[in-house]
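In what follows, subunit A forms one complex with subunit B and a second complex with subunit C.
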Partner chain A sequence: MTDLGRVTGDDEVLHTSTRRRRHRWASLGGAIVAAHVVLAFVAPYLPLQDVSEQHSDAVLQGASSAHWFGTDNLGRDVFARTLWGGRPSIGLAAASVVLAALLGFLIGTFAAIAGGGVDKVMMRVNDVLLAVPSLLVLLLVASFIGREPLVLIVTLAVMYAPPIARLVRTASLNVLTRDFVVAARLRGASRWELVVGEVLPNIRGVVLTEVAMQFTWILLAFSSLSFLGLGASPPTPEWGLMIAESRTYMSITAWPVAAPVVMLATLVLGVNSLVDRNGVDGAT
Partner chain B sequence: MDPYDGNRFWPAINMVFDRLIGVDKDFNPIPELATEWSSNADLTEWTLTLREGVKFHDGSEFDSADAVYSIGRMVDPEFDSPVRAVLGIIESAAAPDPQTLVLRLSAPEADLPLLLADYRALMTPEGSAETVGDDPIGTGPFKMEKLDPEGTSRFVANTDYFFGAPKLSAIEIPAIADNTAATQALAGGQVDLLLSIDAKSAAEFSDTSKFTVQNIPSGDWNAIDFRIDQEPFDDPLVRKALRIAVDRQALTDLVLGEGAGVPTCDTPVWSGDPFRWDGDCAQDIEGAKALLKEAGYPDGIDVEVFTSDVEDNMVELVQVYQEQVKPAGIRVTLTMADASGYWDDVWMKEPAFVDSWGQRPAVQVLNEVYRSTATWNPTGQQDPELDAMLDEARSIADPTARAAKYQEIQQYLFENTAIFVPYHKTLVRAMGANVKGIEPIVIDAVRWEKIEVG
Partner chain C sequence: MIDLQGFSVAVDADPARLILDHVDLQVGRGARVGIVGESGCGKSTLLRGLTGLPGAGLHVADGALSVAGYDLVGMPAAERRALLGKVVAMVPQGVALSLTPHRDIASHFADVFQLDDARGDVPGRAASLLDEVGLRGAAMVGRFPHELSGGEQQRVLIALGLARDPDVLLLDEPTSALDVGVAHDILGLIEDEHRARGFTLVCVSHDLGVIRRVAEHVVVMNAGRVVEQGPLERVTAHPTNPFTVRLLEAAPTLGAISTAPSNRSPLVRVDRLTVVRSSASSGAFRSQTQRTTTALDDVTFEVRKGEILGVIGESGSGKSTFLKSLCGLLEVSSGSLTLGDEVDLSVRVRRRPGSVLQRIQMVFQNPDDSLNPAHTVRRVLSAGRPRSEVDDDQLAELLRTVGLQRSMLDRRSPQLSGGEKQRVAIARALAQRPELLLLDEVTSALDVTVQAEVLDTLRAIHRDLGTTMVFVSHDIAVVASMAERIVVLRNGRLVEVGEVADVLDRPNDHYTSMLVELARRR
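Our next item is the complex of A and B:
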């Protein structure tokens, strides 16, 4: 189906070479993301050093055969902590983005189908939420309500659902005016059948792209929160927290900061390159 | 610049003003604005002879009336200066003649000279309460030229200083936002001296001939406090188990950095204090397990400790503690609290929390932290036996007997206290190699007029 060409970008005019380049780029992205996800899952089963064991005789050391990425300010193994460090962030970001996608989809399709005043009101509320700086809200929530994973997941989902909702609405409106939808309506399909049977399959690609983008934003937001001391709690190995804990000692050894930075950066880059392809192919 | 105000500008106040009594590097009282002092037999009245011919920066003479005025402000309950916690024992001050000051105390105090050496117990001119904040007139080695706590403040030499004219013509104090920026400023040569840097960052300066790094044992300490009025910390067995399960040397090295602290056996009295008790408190995992079993916790206990990054080392302390007591069956959960509300909402309120204190002489720290009636008694310990021992100690005139009593008190604390004090911090001071005249001694004893930059 190419009905959504207008929404997703006109892939018809792309040159074949550009496409091929994008594919290669996307495969690399896919491989990076897959590696991250696999590592996050298997870290507990790898023969790594204990992430919380402290060595008072080996503090802030550089890379060595005993500690591949050196040690941090409490003499803990940076390699093991870096591999474990993705688990809280990726897990929490994934849970938040699923919830955000669900919320965004429900709000977006509901607004599109309802139309009129309801649509207007819902989208204005959505705009207001879009205008609020999400990190600020997160800081307030973490300070005053709590920093339990569930609280953070719900807050992140609510803060990152609006862009998805807006996109779902636009894409749905586009689909709803198509002949086959009109035909389905005439057949007597219910609203729910329209959404599930007609709208969802047609907007899937573009929405997935948006959801993946929001995943990287949520990942960075949670890491920022940890960096600011309000996300993951010590001694949990978590990338943002590791950067915060070790930045003072960066001039002595860069490993404890560099390793989580590289992990965060590659994951974000990987997701971005992966969805780059989806942005083109998603609609086909 | 008001030295008695909670927001005093330190260390500038110590360049502009002088104390009656100073301290040497071993923390013995030495003359500053007072040249001699003695007490009556029951230690309730002290008479001080003041230095003659001392002039304030505006040319006026310093005499006993200024001293009476200054002490009056320090102990004024309405003004409630932080230094009142130290000198509140002074009931009245009198000036029988311009060179004599008589202090009457509400209770015997053998160590009044040490209390008068507090870094905030500085002498200001009579009637200066309204002006001292912006226009400080002292007797000190430097005069204020420009006050800008958020920019650069400038202090120029007082060539008439009674200990001799300063070797530097001026000292500038720039405001630097954080530790990292401060170390970079020294590395880059923008500043000559950093009074205190993070011990683990000191490695940057210790390997080069361009800098001098001084490690100065100090009396600053951190602690984990357990509220004695809450279960399970009401049980002395549990309290002791929580404290003996730790390898203090390893903890000190990990939290502060190697050589950056002196381990201590739960006494807040630091290694440089003549009244310090040096106990033996090696890690005893089996002992801790046995104590917990005896207290009715054969399967160990769960403890939630609150901390915050409101100050350096406070989060690391709990992380290392958590690891070390694990084998004893003490399962510690670390809870991070918001830094802005830590001292108001968490400290002294939650069942277990991290604490931080600055250096104080034995008499002061023991009375300020452990006495039942103290405002800042962080664990809520109410112990009449301990109070009686504290009363007795301060009324003993003989220094040797007094030291013995204070050591007995510290030993008593090790058996009973709910405050886990693992170390005293070693202050790390860094300066350019061209800076001379700063001895490796606590800042209270540094003579600013002797500093020179080559």
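Our next item is the complex of A and C:
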């Protein structure tokens, strides 16, 4: 094939402009996510007002130079609470999604390689888990077992692993039929070598995309749990909890609700547009 | 009928890059033109350009195009839409991709008829067109694309192209995905239609044999330019451009044949080998249903030590099944398969000890599929060995054997051309120092000049290392140029086995003689 031919393959030409646009989106998303993570990390070191100090003389105030995002119903500084409020959600969601990804990868590849009856049983169990509303399970676990972070992390991981497992299985099956896998089998590669050496590098892109999507779902699930009073407990600043505490006062000042909502929304949007790039570039 | 002056097509994203570089072409009414060249030379773009639509991401940068007096490039899209299929009709490449899978054949015709605002009796008109291209039209209109064979799909595509009785019919690689026999019939159909309807025919192919059949005027393209054009006889007999010469020389023909040294000892004994393949379909709540096909049926022959054995047959003949059984990828149903004197090859790949695995290696058909795109060439070649045992000098030596530079080591397969990929795949197989190298249609996805180079490399390896090879191909000319002995398979049965010269000169079976006959005509 000549050079000319290689650079003018239809696929490449077709997507040049789309790809460039998506790369722009992805960099914007990356910047948003990075800003969130940095803020969550450095919040304790910033010269912010105390997150739990109450000012009974200044409740439900609007934005001012003293309180940039105003104050809530107990007179606490909303700006400080908003910056702190990402720490429990992001940390917990990140821990859960790492665990979920690990579970999903192990289950998915095992099912793909084992095939036959093992695969069938594993996938039906997977389907059952997919069919159970995760928030319901979370509520039950939080009510009866406890709301310690470790319990929530494990529960969230188990509930959000099935979609990852299913995707990993499908993607792996696709790769496993390809000739380079046969070549590896002919040289005597073990199953583990096939999975880690041949399959994993080729499904990384699409699986990472799915994992990032699951991160946003876990983030929202945990915030919902806090909103329902079963996640973070007062007076911890946490976005879902802040929304729950302040929504009755929304007619007086919207800041205590709007600020955490905007933070949650931008983080989810940021993650979504960041992973858009993976959709374009695939594994490479 | 067609008048191209300085016709140039450029990439939208990079207007300086020309896919077609000032192409001049004049074609008279009713003429038959063949455009030939290698992949990426711009021949398909030229064909699409004749419709005024060069393709996604491309635009006409310069020059004038006139087809039957119409300026298809300059006119508004709606006007052009009304003329497509009538002035100029395209029969696209890629049989499997050119019909919509969920729609029946009649509805494909309805789309075309609708352009004339005279819908009328769609199934009836479709059926008569299908009859014309040699299908039983009435039975065909209600069927879906997946129910048709490749040859039938190609006929449907030709009928669709003829539906509005075009002045110019464009054919893009009309036979590239078809078995030789089917391809032969399709080319015959194209000739008949041209005679009956008198349209102007423009056919693109990488295969000179196809061009020889359908064209009287040849256009040779390379890197976006027309390097030579003229009457078929003149260009093929007295080419003036060096690229044309190279193209003609590289095309496999039934020529020099090597003879096998006699009394070699057998390396692999195939004794009454039968392989039944089952395609199991099952659901969670249904019991398993199995469809079985006998892919290899009571086949007996041997592969001799140090020879190149050619295996030839069309799709479904069992040639891939044979290779897969040798590798232990398929279950042997009955009969035996022995390597050397002792090793039983009916053992599946998982159960084979490393020492047996290493003795048999395979190179695959599709270059894009045979290398892991995530791995560097270095990793591909050193796979399965501890890092401490592998050094770059060793790998570079291996690359040299297959005609590649050391600098390739850091590349990944997306950065390699088709020919380079196949060479790396050959090197990967050689890295295991196999006794038996299985080659499954290794050149069928490559351009003819690249194919010739890869075949030379394989011959050199055979000469220098003495590796026994089983060379599988559908192309008898390629097999004959490589092999010393030949096995012909058809529908899972052994049709013929013997020295290449004997099989070619005195075929025992009418199927073999047809293959030889078609290859001689090229």
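Everything below uses one rule, namely that the second predicted complex is superposed on the first by the 269 of 284 C-alpha atoms of A that agree within 3 Å, B and C clash if a C-alpha of one lies under 4 Å from a C-alpha of the other, contacts with A are read in each partner's own complex, and residues count from 1 in each chain.
The working rule: a contact is a pair of C-beta atoms (placed from the backbone, for glycine too) under 8 Å apart; a residue touches a chain by one contact, two chains touch by 3 or more.
Just so you know, these numbers come straight off a predicted model, no measurement behind them.
When the shared chain is aligned, subunit C comes close enough to touch A:Gly188, but subunit B does not. In the superposition on chain A, A:Ile252 contacts subunit B only, with no contact to subunit C.
Of the two partner chains placed around the shared chain by superposition, subunit B is the only one that A:Asn73 touches, whereas subunit C remains out of contact. Of the two partner chains, subunit B is the only one that A:Ser52 touches; subunit C does not reach it. In the superposed model, A:Arg178 makes contact with subunit C only, not with subunit B. The partner that reaches more residues of subunit A, of the two candidates subunit B and subunit C, is C.
Taken in their complex, subunit C has these residues touching subunit A: 11-13, 17, 19, 38-42, 55-58, 222-224, 284, 327, 329, 349, 352, 354, 357-358, 360-362, 364-366, 369-375, 383-384, 414, 417-419, 425, 428-429, 432, 447, 450.
Taken in their complex, subunit B has these residues touching subunit A: 179-180, 183, 198, 200-201, 203-204, 250, 253-254, 257-258, 309, 315-316, 318-320, 322-323, 334-336, 338-339.
Looking at the complex, you find that subunit A touches subunit B at residues 52-54, 56, 59-60, 73-75, 143, 147, 229-230, 233-235, 247-249, 251-252.
Residues 1-2, 4-8, 10, 13-14, 16-17, 120, 124, 178-180, 182-189, 193, 197-198, 201-202, 204, 283-284 of subunit A are the ones touching subunit C in the complex.
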